[in-house]
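This is the structure I want to talk about, given as C-alpha cells.
Per-chain numbering from 1; labels A, B, C and D assigned in written order.
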Amino acid sequence: MKDQAILDRWERRAEWPLAAVALMFLASYSIHVLAQSDRTAAHISHLLGVASWIVFTIDYAVRLWLAPNRRHWFVRHLLDLAVVALPLLRPLRLVRLVILFSALQRAVGNAIRGRVLVYTVSGAVLLVYVASLAELQAERHDPNTTIDSFGNALWCSITTVTTVGYGDVYPVTVAGRIIAALLMIGGMSLVGVITATIASWIVQRVNEAGSTARELTAADIAELRGEIRALREQLNGGG
Amino acid sequence: MKDQAILDRWERRAEWPLAAVALMFLASYSIHVLAQSDRTAAHISHLLGVASWIVFTIDYAVRLWLAPNRRHWFVRHLLDLAVVALPLLRPLRLVRLVILFSALQRAVGNAIRGRVLVYTVSGAVLLVYVASLAELQAERHDPNTTIDSFGNALWCSITTVTTVGYGDVYPVTVAGRIIAALLMIGGMSLVGVITATIASWIVQRVNEAGSTARELTAADIAELRGEIRALREQLNGGG
Amino acid sequence: MKDQAILDRWERRAEWPLAAVALMFLASYSIHVLAQSDRTAAHISHLLGVASWIVFTIDYAVRLWLAPNRRHWFVRHLLDLAVVALPLLRPLRLVRLVILFSALQRAVGNAIRGRVLVYTVSGAVLLVYVASLAELQAERHDPNTTIDSFGNALWCSITTVTTVGYGDVYPVTVAGRIIAALLMIGGMSLVGVITATIASWIVQRVNEAGSTARELTAADIAELRGEIRALREQLNGGG
Amino acid sequence: MKDQAILDRWERRAEWPLAAVALMFLASYSIHVLAQSDRTAAHISHLLGVASWIVFTIDYAVRLWLAPNRRHWFVRHLLDLAVVALPLLRPLRLVRLVILFSALQRAVGNAIRGRVLVYTVSGAVLLVYVASLAELQAERHDPNTTIDSFGNALWCSITTVTTVGYGDVYPVTVAGRIIAALLMIGGMSLVGVITATIASWIVQRVNEAGSTARELTAADIAELRGEIRALREQLNGGG
C-alpha cells in the first residue's frame, strides 16, 4: 500500500520531466531527418536521442524497483519495456506528450466535447508531423519516389489523413505505405471524432429545445407534493 | 453601463452596412483575380478594396472610442485590429456576411437542425468560392500548375472539399497547398455536420416511435394525483 | 372541399401509372445514350420520350383543372410546370419512381431506420445509374475524355459517389463536372445516412443495456401508489 | 420439437470445425493465388479446396436431413445451397469465421460498443485480405494493370477501403472494379461504424455529466414517499 503511494507520487512527479524528454526526443528525430547532411546536427541529434533513451530507461527501472509486486508490474508493463528496448517502437515515447495536451485542455475547460476535441486535434497534428518525418526518411532514397522534401512529405500526410489522396505524391516503399496506412486509419478516426462531437452537440440542443415534457413532469411532482402537504395540514387542523 | 448600451446599438445598426461592405470587398477581390489583365477593372477593384478597408477601419475606431473601458476592449478585440491591419487576414472580413446567412435562416425557420444546415451550407459555398479565387491567384503563375482558369480552380476546390481528390487538378505552390488544406478541414467538418444532422433526426424519430414509456409515466402521475384527491375527499366526507 | 377530394383521388390513382411512365422515360433516356448509333433504337427512344412527356403534361393539366383554387395551385406547383416545360429538368420526372421504393420498403417493414436505408440505397442506385448516363452523354465527344464507354462512366460515378476518386477516369467538360459535383454531394449524404443509421442503432442498444434506471423509477411510482392505497385502507379501517 | 433440438445441437457442435474448414479454404485460396506458378503448391491448394467443399456439402446435407420440416428448411436456406453449389459464392464460406471473432470478442468483454468494434475490425481485416487476393487474381494478366503483386493489391485495397484513392494503383478489369466497389461500400460502412461508436460514447458521457436533472427527480420521489410515510405515522399516532 505504502509502496504503491510512493510509485504513484513518482509517476505524478515524473510526468512533466518525461514530457520534456519526449520533446527532446522529437527534436532529435526532427534534426536526424531534416538536417541529415550536416555533421554537427547529426551529432547533436544522436546525443539528444541517447540522452532521452537513458532517461526513459531510468524511469522504467525506478518504476519497476518501486512497484509493490515487481513480477506483476513487469507483466502488466511489457509495452513500457518494449518502448525502451525496441528501436521500432521509439515513436511511442511521444505518448508522454499527452500531459502537454492536458495542459492545453485546461485552458479550454473541462467539458467532455472540448476535451475530446483538444486531444484529437493535438494528436492529429503530432501524428501528421511525425508521420511526415518518417515518410520522408522511408521514401527519399527510392528512385521512383515523389516524396523528396519535407514539404512534399507534409503535403502527402495531409492529403492522406483527410482521405483526399490526389495522387500527385504517394509512398512507393513498404515502410512508407505502412506509415500512410496508419495515417489513413488516423484520418478515419479523426472524421469520426469530429462528426461525433458535432452530432452530440446537435442531439443535446434538440433535446434542450424539446424539454417542455421534462419540466411538465417536474411541475407535476411539485403539485403532487403540494397536495400531500395540504392533506397533512388538513389533518393537523382537523386533529 | 450607458456607454455599453451605445456601443451595442452601434454594433446592431452597423451589422447590415458592414455586410454590404463585406460584399463590396468580395466583389473587389473577385474582380482583382478574375479580370486582372483589364486595367479599368483593376482600377475599380482597387477602389472598392480601399473603400471597404476605410469603412472597416472607421467601424473599428468608432467601437474602440465608444467602449466603456477602452484598454479592456482593445485587448479583447485584438483579432479585429489584425483583420483591419494585416493584409493576410483580410478574408476574415467576410465573417460579416454571417448576417446574410441569418436572414436566409429566418426563411427556413428557427429549428436547430435547419439553422445549423443553413449556416453550414452557406459557409461551405462561400468557402469554396473564396478558396477558388485564392487558389487561382496563388497557382496561375507557377510553371507546373494545373489550375490555370477559374473553372479549374472551382473544380479543384469542389473535389478537395468533398475529399474526392481525383488528382487531375491539384495545387503545387505552398500558398495553394495551405488553401487546399483549409478546404480539406472544411470538408471534414462539412461531412461531420451533414452526418450529425441526419443522425440527430433519426435518433429523434426512433425515440418518438418508442415513446409509449414516457406517456405511461405521465398517466401514472395523473393516477397518483387522482388517488390523493380521492383521499382528501374521503377525509372531508369523513370529517 | 369536394374538389380537393377529387384532386386527391386523382393523385392517388395516378401514382402507379406515373411511376410506369417515369420508368418508360428512364428506358427512353438509356436507349438514347447507349444505342445512339442505331437508327431504329434512336427512333424508339424518341417515341418513348415524347410519349412520357405527353403523359406528364396531361397529368399536370388535369391536376391544374381539378384544383379548387387554380391560381393558388399554379403558384405552389411552379416546379411541376418546370419539370414538364424545361428539358433540363426532365430527370426530375424520375422522382415519380419514389412510389416503387415505397413498395420495396413495405417488404422491409415499417421501422424508421429500415425505411431511411431503403430510400437512401434505392436513391443512390438510381442516382449512380442516371448520372452515369448523363456523364457519358456529356463527356464522350470531348477529345481529352477518359469516359468513353458506359462501363467507364459507371466506374467514374462509383468512385465519385464513394469519394474515392482514383483519378483514372474523371470528367473534363463543364456539364460532366457539374454532374460529378452532384454525385459528390450525394456521396456525402450517403455516408451521412449510413453513419447516422448505425449511430442511432448503437445509441439505442446502449440505452437498452443501461435501462435499469428507468425501470427503477417505474418501481418507485408503483411503490408510491401502493403506499397511498395503504393509507386509504388504513383510513377506511379506522373510520 | 425433438428434431429441432438435434439440429440445434449439430449446428452448435459444427461451429468450430466449420470455422477450421473455412480457414482451410482461405489457405487454399491464398496458395492458389500467391503460389500459382508452383505445381506442388497448386496441387495442395486444389486438394484443400476440394476437401473444404466436401465438408461444407456434408454439413448442408446433414442439416437438411435433420430438419423437422425439410421443405421449409430448404426454402429458408437457399443461400446455404448457393454457397455450396455456386463457385462464385465460395468466398461466403468465410462467414463461418465469425465464430473466431466471437472468441476474440469474449476477451474484450460484452459491452455493445466493444462487440461492434471487434466484429467490424475483424471483418475489415478479413475483407481487405480476401479482396486483395481476388483483385490480384482478376487483374494480374491484364496488359494495362497496375496490380501486379500481392503488395500492390494490398495497397490498392487499403487505399480503396479508406476512400483515399491516390490513383497510383487501381483496377482496370470488370471483375477488379466490382471487387473495388465492394471495398468502397465496406469502407463507407467502416467509417460509419467508427463514427457511430465514438458518437455513442460521447453522447453517453455528456448525458452522464448532465445527470443532475435525473438525480433531482429521484430525490423528489424519495421526498414524496417520505412525506406520505410521515402522514401515515401521524395518522397512526393520532389514531
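Definition applied: a residue touches a chain if its C-beta (ideal position, glycine included) is under 8 Å from a C-beta of that chain, and two chains touch if they have at least 3 such contacts.
Everything quoted here is computed from the prediction, not taken from an experiment.
Student: Keeping to the contact definition above, tell me which chains border both chain A and chain B.
Tutor: Chains touching both chain A and chain B: C, D.
Student: Just send me the rotation angle from a CA overlay of chain A on chain D, rounded to the nearest 5 degrees.
Tutor: The rotation relating chain A to chain D comes to 90 degrees.
Student: Residue numbers at the chain C-chain D interface: does the shared fraction exceed half, giving same, or fall under half, giving different?
Tutor: Different residues, largely: of all residue numbers at this interface, under half are found in both copies.
Student: Relative to chain B, which chain has the most distant C-alpha mean position?
Tutor: The chain farthest from chain B, judged by C-alpha centres, is D.
Student: Report the inter-chain centroid distance for chain B and chain C in whole angstrom, where each centroid is the mean of the CA atoms.
Tutor: Each chain's C-alpha centroid was found; their separation is 29 Å.
Student: So the centre of each chain is just the mean of its C-alpha atoms; given that, what is the distance between chain A and chain C in Å?
Tutor: 41
Student: Where in chain C do residues touch two or more other chains at once?
Tutor: 163-167, 191, 195-197, 199, 203, 217, 221, 224, 228, 231, 235 - these are the residues of chain C that touch more than one other chain.
Student: Hey, which residues of chain B end up touching chain A in the complex?
Tutor: Residue list for chain B touching chain A: 111-113, 116, 160, 163-167, 170, 172, 174, 177, 181, 184-185, 187-189, 191-193, 195-197, 199-200, 203-204, 214, 217-218, 221, 224-225, 228-229, 231-232, 235-236, 239.
Student: For chain A, which residues count as touching chain B in their complex?
Tutor: That would be residues 151, 155, 158-159, 162-168, 190-191, 194-199, 201-203, 205-206, 209, 213, 216-217, 220-221, 223-224, 227-228, 230-231, 234-235, 238 of chain A.
Student: Which bits of chain A are touching chain C when the two form their complex?
Tutor: Listed in rising order, the residues of chain A that touch chain C are 163, 165-167, 195-196, 199.
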